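Same chain, two partners: chain A is paired with chain B first, then with chain C.
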Partner chain A sequence: MEFTEEQLKRYSRHIILPEVGGKGQKKISEAKVLIIGAGGLGCPVGYYLAAAGVGTIALVDNDNVELSNLQRQIAHSVKTIDVNKAESAKQTFEALNPDVNVIAVNERIGSKNILGLIRDYDIIVDGTDNFPTRYLINDACVMLKKPLVSGAILRFEGQVTTIMPGEGPCYRCLFEEPPPPGLVPSCQEAGVLGVLPGVIGALQATEVLKLIIGKGKPLKGNLLIYDALGVNFRKVRIPKNDNCPVCGKDPKIKDLTDLPEEYCSI
Partner chain B sequence: MQDIKVDKKLDIRGEVCPYTLVKSKLGIESIELGQTMEIILDYPEAADSIPKAMLNYGHSVLKTEKINSKEWVILVRKEVED
Partner chain C sequence: MTVKVRIPVPLQRLTKGKEEVDGEPGTIISLVNSLDKKYPGLAERISEGGKLRRFVNVYVNEEDVRFMNNEETEVKDGDEISIVPAIAGGG
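Let's turn to the complex of A and B:
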């Protein structure tokens, strides 16, 4: 890849890393990453991936920016209140790095559109805030064999895992079904420390970049749990479940379905 | 000094850190294992830091020579894949 003088400057700290170099930076510039959710997690993930020079970043979100988002959703601002979140984040990322092609998708992700949305991307990032969507994304990524970097946050705790379909366990290997509606509170009900999605999102972006350059060990087969109050990082091994309903030997789930509406209020 | 075949010449006179290293790193990526690259530079700090960086990457530094009052020549052999 021939870098422009501007790109040599912008990516100099990457290029001099033995693990990245010009070749790794070229891979980064050719990578296509789809981020589902342009909220607490999607903002820092997209921000760092845009800074790193990921060639194509798509953001899927059908919500609009609200004032209550700005405590943690760092790609938005008072200037983009009431603007679609994917569009708002696109403006921020393009201002940071014009090398990056940012695609804003103003759609709610569901069983009807997810396969079409993820098909053309190399890596999928889950930055959503509810279980039905989390399971839907997991199932779709398993079906299309897309690496999935998943993050979740609540209060002072967050978790990250990388799902590599065919190589390691998926979300359903850990919990076959989502918890019943109402059992796990949402950030809206329970709160979240504003910086927490920054920590977890930065870990997700790190996983994405490692996958792109093909260096290091992906966080597959492990759930990394961060406890901000106790300042603990715990890595919990997740075994692959041969009887997993979606990635096991005889999968029961062959089609994508949307879970009942009441889930979506959590 | 014995004569060593030079496979690539890289002129980074006028460049300062870290671009001396950025261009040297890209230069070494562009040659094959076992091939050599001669770097000519005029940034004094780089005369010290480039050989160190190349060794850290795992390559061999065959020569570091001050050729006149403000220019250096460094000869590197690529020893590891990128």
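Let's turn to the complex of A and C:
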């Protein structure tokens, strides 16, 4: 694919970077990224990836936009209240960059549909809001060896890591099991500073672009923790767990299952 | 003689908003239990029956204690301890 005059202009600040160049921009335009959750994290991730010219961006979300989302979910607006979030974000991203093929998937992700959804994509982004889905996405990405850029937020704190199945640890190596329902509050119960998903989502989008152009060091084997109140960025090491139930030497999890619904309420 | 313990945001309610508190050198579990005297409720959130909970990780200077001596990992003066719970918000 040759860039048009207009595309050369649009992506000129990328192309001028030696680390990106025309070659890197071509990789970006050919990349296929699937974002699960078009909420606080999915909006900024998709927004920046659309601006960067990622060829295909799919968004998976079965929720509709509500007024209380607009404090942080920047791809939606008062015009798309009650519209499916994936569809709402698609409209925004297409308006920003018509080069990008945005696919809205109005489905709830579960053990039955996840493998089919992620199979055709190069990189998966986790921007979901509950533990069962996070563990499911991790397990599916390990099984299909898909790079996964995971982000999570609560109140004033965020976490980011990049999971490279076969090369580094997975989410289960980091946290062996989800907390029991009721012990960790959700954003709905505990609140979240509106700009926090912007910081964490921008970090996730950065990781995705680095993976696409193959430059720099991915956040593999590390968890980056951001504390907005104390203005601290800390990185801790995630060792690969040989006894990990999904990516260890003798994995016990061989099929995908949905955790009980009550986990969703935390 | 102290070690610095970083408290995650969800637990800062128990430390009166402090993001970092001082603890005493010793094993991880003795550190957790001694902090609980000053900040009641902290030990229960991090551990159960003397064992660290499986969705809360504890790091000594960036290293996960699960891959060291777990609850019995020794911390010494000047070490930095981080308590990191799993969070799932994406909202």
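Here is the rule we use: the second predicted complex is superposed on the first by the 265 of 266 C-alpha atoms of A that agree within 3 Å, B and C clash if a C-alpha of one lies under 4 Å from a C-alpha of the other, contacts with A are read in each partner's own complex, and residues count from 1 in each chain.
The definition used in the following text is that a contact is a pair of C-beta atoms (placed from the backbone, for glycine too) under 8 Å apart; a residue touches a chain by one contact, two chains touch by 3 or more.
None of the values given here were measured: they were computed from a predicted structure.
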Touch count on chain A, higher of chain B and chain C: C
First (chain B), second (chain C), both or neither touched by A:K9: first
First (chain B), second (chain C), both or neither touched by A:P18: first
Residues of chain A at both interfaces, chain B in one complex, chain C in the other: none
Contacting residues of chain B [partner chain A, same complex]: 18-19, 21-23, 25-26, 29, 53, 56-58, 82
Chain A to chain C touching residues, read off their complex: 37, 39-42, 69, 72-73, 126-131, 134, 151-157, 159, 174-179, 183-188, 190, 192, 197, 223, 225, 227, 229-230, 232, 234-239, 241, 266
Chain C residues touching chain A - in the complex, by the definition given at the top: 6, 8-10, 19-20, 53-55, 57, 59, 62-64, 66-67, 82, 84-91
Residue ranges of chain A touching chain B (in the complex, touch as defined): 3, 8-9, 12-13, 15-16, 18, 21-23
